[in-house]
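Look at the two complexes coming up: chain A is in both, with chain B in one and chain C in the other.
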Partner chain A sequence: MYHFKRFAASAVIGLWATTALAQDSITVAIQLEPPNLDPTGGAAQAIDSVLYANVFEGLTRFDADGAIIRGLAQSWDISDDGLVYTFNLAAGVTFHDGTAMDAEDVKFSLDRARAEDSTNAQKGLFAGIADVTVVDPLTVQVTLDQPNGNFLFNMAWGDAVIVAPESIENIASNPIGTGPFTFTDWVQGDRIELTRNADYWGPAPALESATFRFISDPTAAFAAVMAEDVDAFIGFPAPENLPQFEADPRFQVLVGNTEGETILSTNNKMPPFDNVLVRQAVAHAIDRQAIIDGAMFGLGTPIGTHFAPHHPDYVDLLANSPHDPDRARALLAEAGFADGFTTTLKLPPPSYARRGGEIIAAQLREVGIETEITNLEWAQWIEEVFTNKDFGLSIVSHTEPMDIGIYANPEYYFQYDNPEFQALMEELNATTDPAGRSALLARAQTIISEDYVNGYLFELAVATVAKAGVQGLWVNQPTAAVDLTGVSWSE
Partner chain B sequence: MSRNLIIGIALTVVFLALAAVSFLWTPYDIEALDIPNKLQGPGGANLLGTDHFGRDILSMIMMGARTSIAVALVAVGIGMAIGIPLGLLAAARRGSLLDELIMRGNDLVFAFPSLVIAILITAVFGASAVNAIIAIGIFNIPVFARLTRGAALPLWERDFILAARVCGKSAARISVEHILPNITNLMIVQGTIQFSLGILAEAALSYIGLGAQPPTASWGRMLADAQTLVSIAPHTALVPGFAILLMVLGLNLLGDGLRDWLDPRIRVARV
Partner chain C sequence: MPGLSTGRDVLDALHFITMIRYALGRLTSLVISLFVASLVIFAVIEVIPGDPAAFMLGVNARPDTIAALRAEMGLDQSVVTRYFDWVTGLLRGDFGQSWTYKTPVVDLIADRIWVSLPLAIYALILSTLIAFPAGIYAASRRGGPGDITIMGATQLGVAIPNFWFAMILVLIFAINLRWFSAGGFPGWGDPLQAIKALTLPAIALALPQAAILARVMRSSLLDMLGEDFIRTARAKGLTRRQALWRHAVRNALIPVLTIIGLQFSFLLAGGIIIEQVFFLPGLGRLIFQSISARDLIVVESVVMLLVFTVIVVNFAVDLAYAAVDPRLRARA
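Our next item is the complex of A and B:
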């Protein structure tokens, strides 16, 4: 009996000790679950959130501030004509299945992404590649059709990570990369588990393991963080609850910027929005600050064009569309809609869209534009709005970095077709000198702002709520990523 | 009149009056957002406070009462307009194949969980107040059909019906002239109960975003909007929550009280 008691006591102490020491694992919540685990084949942001920099790495990568730094390529040389990039790969890199990562894998990954039948969601990133040549196992040469000032940036995207031919078949359910964490388990609808990669070629991460959980409902998210079921919530969905977390010493709140230009997407081919006067009237009817305060509880920066305000090349064009209902009514009258008109407003699930939609509907009503609000789930939104272009207005945040190029694609869902802008983008792609690029980007921002292509609302902010002891999380979201490499627990 | 009936009438009248007044006047315009004035507590310039868009909650409750009552009333109307004739027909042709068909059809509708089907209907045909009415109304049909048939069957055995038949009245005329007046009490009571269930169903559908769409005010959507605000502005959830509670409580007390008051057996005992 005595022995039993002592055994029981030590077992209890043992259990207690393991919980106390269990500070090398973390449970991270994000809003959406990835539909598959192939960043080179799927468009969903959530895939990158879980896997970027953790499981998969590219030739280059984004750091926490959005700068392009070395990835699997330790250095590179660019030929004087800007056409040939020679990448020197890191030595001793292996995939999680034990196979070596070498120049052949790089060639395979890039060729696969740019192939005719590629399902890569960002094929445009690879469009300018003419040829990929293996020089030796640690050197690979990429030849471009024409100089591309964005090439290193393009190679940092989650869609450009390096994969291996040996493991490509099951990548969607069993991702095998070169990163500091290996994929362990995916319980669909619940969690994804990652474990530290003991053979990682770079500095070892502090965490032994990590669990990703998926909570999209704002109320459930609040409850999960309050109950300390999760250690960190990246992209917390209810900004109204942040003051409570800030006041609670158990938590820290990080508010950073994203690449998400939140816009009132306007169907430029659908009357009456094919008339620039009508689009300008809509722009003047919008009160950005009311939307930021009402929908986001103050989080977000007003934008006057489709460009991130924290980017050095951003041009402040808010003066093109100040809130001015009288001006809006006058413009509508000039366009022949003195009595207003009725259109559709189709809203995806995030609260910036649902709440923002109600506010915009009220602001448009003030100048005589009636909107029929339809709330859509993401799948319906992708089908009706993004694919079938069956909408008048919508609200969505475009979270890809440096995505002003979408305005050069007349087939893109808001259907803006301006040859001048398309020529400008081609010129931009062919320009490598930074000053020239800045000037072209400024011109591009100005064109779309003065054409009132979409209603430019605000740059989405990202809020991270974490337990007080978690350190090393990214504050900003230069790309969709939850980089756990530098995350650790303080004592 | 029992005390329950008086409370029921009082609560119901209050909400009907709120809805009626909203046609003429509300304290504030609920379509004009006033965001700097959001989440004000009750008691100030806004009697019941303001919501996350700075809208006056009392005005929202008044407009929401209108939506709730309209949806529930039309839904009950659909149930009665189709259910009662079906029930009368089944009772008149009792034992026939037609009777079987009607009643088994009712069983079929009854077999589906009503709210789930209502969700299905609004999800397929789009979320709107009209589709919510149809979805809720469909499930009122078998309730009234079955109740009508059940109440009409014993009447058909009574002597005054026999007398009418002897006079040569058709089954249809007997149903309308003799059966229907004798089951009206029952229908009113059941109508009141279904009305309260309709209000609950409308709130539930709006809560999950399948009822009336913004900017139409709806108690269920007010609750849904208030979900993440409960801890910082509890009144945004409490006010619509209590509105639903009191309206449904009032209608149930009214229905219960009416049944007791209208039931001839109890009435005789009371006299």
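Our next item is the complex of A and C:
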């Protein structure tokens, strides 16, 4: 079998080298299929993975490193009071159906997203908008209720892309955007096909066409890459197989970061977790590296607070909660739980939760905390844990970028209620100067870390396996996106 | 009335009336079964925890957004109203609109059936092609080395889970030999490519079925070989092999066909794991995805369609039996 494999591999390399010359199409696999193709009407990340930056564009956008750069808005002016944003739109932009993209479309898109009957999953992004005015076809003015330092960031989300009233009715099955690729076909359950937009207003992409395929099973994902059915797998679901790809000259493995803070969510209103000593004991009971190694095969960066480590404003607070079971037992005794207690640990489907949950349960048992593990589907998790707050502990990765603001909402499922933190977030929203924002963000990270609101585990990593000749793929995932604009094949 | 003058005509008319009465009886039970099935399916799926609208909108959604989506999906109406709308829709042939895909359920089913149905037929043909010769050969060589080898192989075939076997097929034929894709379905635009894409999944599905079928074929044949009419045939001067082929095989087929019928409905609805392993866009995967996405209308309609298929096939089989065997009619 071994010789045979070697033989097959070398035969393949020979074949592939001859076909690589004229490559201008790519087959990209992701795990989940988008339920529909409307990025403004659902939370499924797969929608953005396929369409963001490829088919749809917003006023601003994320680049590969998560910075906010120009999108359809080529420049903007912010009034001195921080309330009025005047966007100058790119000229000569058309939607894929040939209609012109102008200020009216921007007004339509923003008004639609914030309307009363809007079904936008991130309606909060638009909450501060008081008015959208068309100044002329290429200028649009957005007025806010109060200054919002995050406004340009908010407009970069996939949920804030610009859509047209002419094509909105069928957007879920026939998405019409302004991006470098047009949507051509969707064989539901199997693939989505995109073709280069010949009339694109920006620099033309190198690829002529792209196919997205959806392979959820980790074993099938491994087989599809090994058999070279796909050219790249973004978010490869079986980290245990990565060393094998790294050792194979046919492939390259890219490991990057995401915006996913993976936390041991703790119900701060449910006894005994309403006692900060108990939460601190949990934090000391956790061995982050053991979880990263055991559940993620080493992929992931330990975090000491709810903030992305690659962000310039990140503060390293790991020293607040080193792994120290003796300390954890002492803290539990101090809190009146010398004999420990029993609680629930409710786990959603991803492997970080299911595998991580087993490891955390063992670590908690070390210090006397028994957990009853329940595995939930996502829909159940949202109902039981997120909506009804019927849980003691859970493990979940919060994948939205810059989401520390969730700690200011006492109704949020982990029910952290701290007026000081809430005031801090209000101050942050009203602050637009970068130095001031950095200081406030550092303070916010410190407060939640010292309050041990949740067990802070690790920043989720993303692995991409691609054929060796593919270049220009995003390594990191600052937002759910597979941006194909800069992707090409090496000669 | 000249037509009714002979006893033969009277008998025919009576025969016809009993047949109609029997068919009506079966039809009534069919309608009742379908009605009960629709109630059970709807009730079971309604009690699955998890709000479809909240799931679709994710964790950052605001309560008013969820309420707006619930209204759009019709979830703000009472359970009774929704059941009534669904059933009357089904009666009109309207399966409703998928909540997540936002396309008519009929279109979803129509797309998927072109993967699942050919796959089931393909697997059935393969399993029959393997099982018949194997079963007949084993029966004709009862106790011999051929029989023992085949029975051992079928024992193994029954014991091997088909998803594991599927992975082995992928490892050998897709990853190492690279004769086939590891999965996926290119569509029927190029029929050869489509059949090729279904080949590994069909083999994975067919082999365990073939093992069962071969065993049934063998034992059914052995039963027949002990019957009086075989002895009569042998007494007439036929060789053992001639008796086997001319008389036993045909009669042994009745239980075998029953098994094939059962296997077909299993293959149609039960390819779910194989569809997952080969990431094929079939009916099983549609149900699987729809359940986790809480696209209840799709789950309800697809399951109802499968129940409908099974009930109607049973109805047809009942009628066919009755046409052949008058004793069944009398019991009705």
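Basically, the second predicted complex is superposed on the first by the 469 of 491 C-alpha atoms of A that agree within 3 Å, B and C clash if a C-alpha of one lies under 4 Å from a C-alpha of the other, contacts with A are read in each partner's own complex, and residues count from 1 in each chain.
As a working rule, contacts are C-beta pairs under 8 Å (C-beta built on N, C-alpha and C of every residue); 3 or more make two chains touch, one makes a residue touch a chain.
Bear in mind that the values here come from a model prediction, so they are computed numbers and not experimental data.
In the superposition on chain A, A:G294 makes contact with chain B only, while chain C stays out of contact range.
Using the contact criterion defined above for the overlaid structures, shared-chain residue A:R191 touches chain C, although it does not reach chain B. In the superposition on chain A, A:Q244 makes contact with chain B only, while chain C stays out of contact range. Set against each other, chain B and chain C touch different numbers of residues in chain A, with C touching more. Look at A:N36: by the touch rule set out above, it reaches chain C but stays clear of chain B.
In the superposed model, A:I373 makes contact with chain B only, not with chain C. Legend: residue contacts after superposition of the two complexes on their common chain; A:T219 is shown touching both chain B and chain C. Overlaid on A, the two complexes show chain B and chain C touching the same residues of chain A, namely 219.
Residues 218-219, 222, 238, 240-241, 243-244, 290, 293-294, 355, 357-359, 361-363, 365-366, 372-375 of chain A touch chain B in their complex.
Contact residues on chain A toward chain C in their complex (touch as defined above): 1, 4-5, 8, 12, 33, 35-36, 38, 42-44, 116-124, 172-173, 187-191, 213-217, 219-220, 223-224, 226-229, 377-380, 382-384, 386-387, 400.
Chain B makes touch with chain A in their complex at residues 31-33, 35-36, 38, 52-54, 126-127, 209, 213-215, 227-229, 231-232. By the touch rule above, chain C contacts chain A in their complex via residues 48-52, 54-62, 64-65, 68-69, 71-72, 100-103, 108, 111-112, 115, 167, 170-171, 174-178, 181-185, 187, 276-282, 285-286, 289, 292-295.
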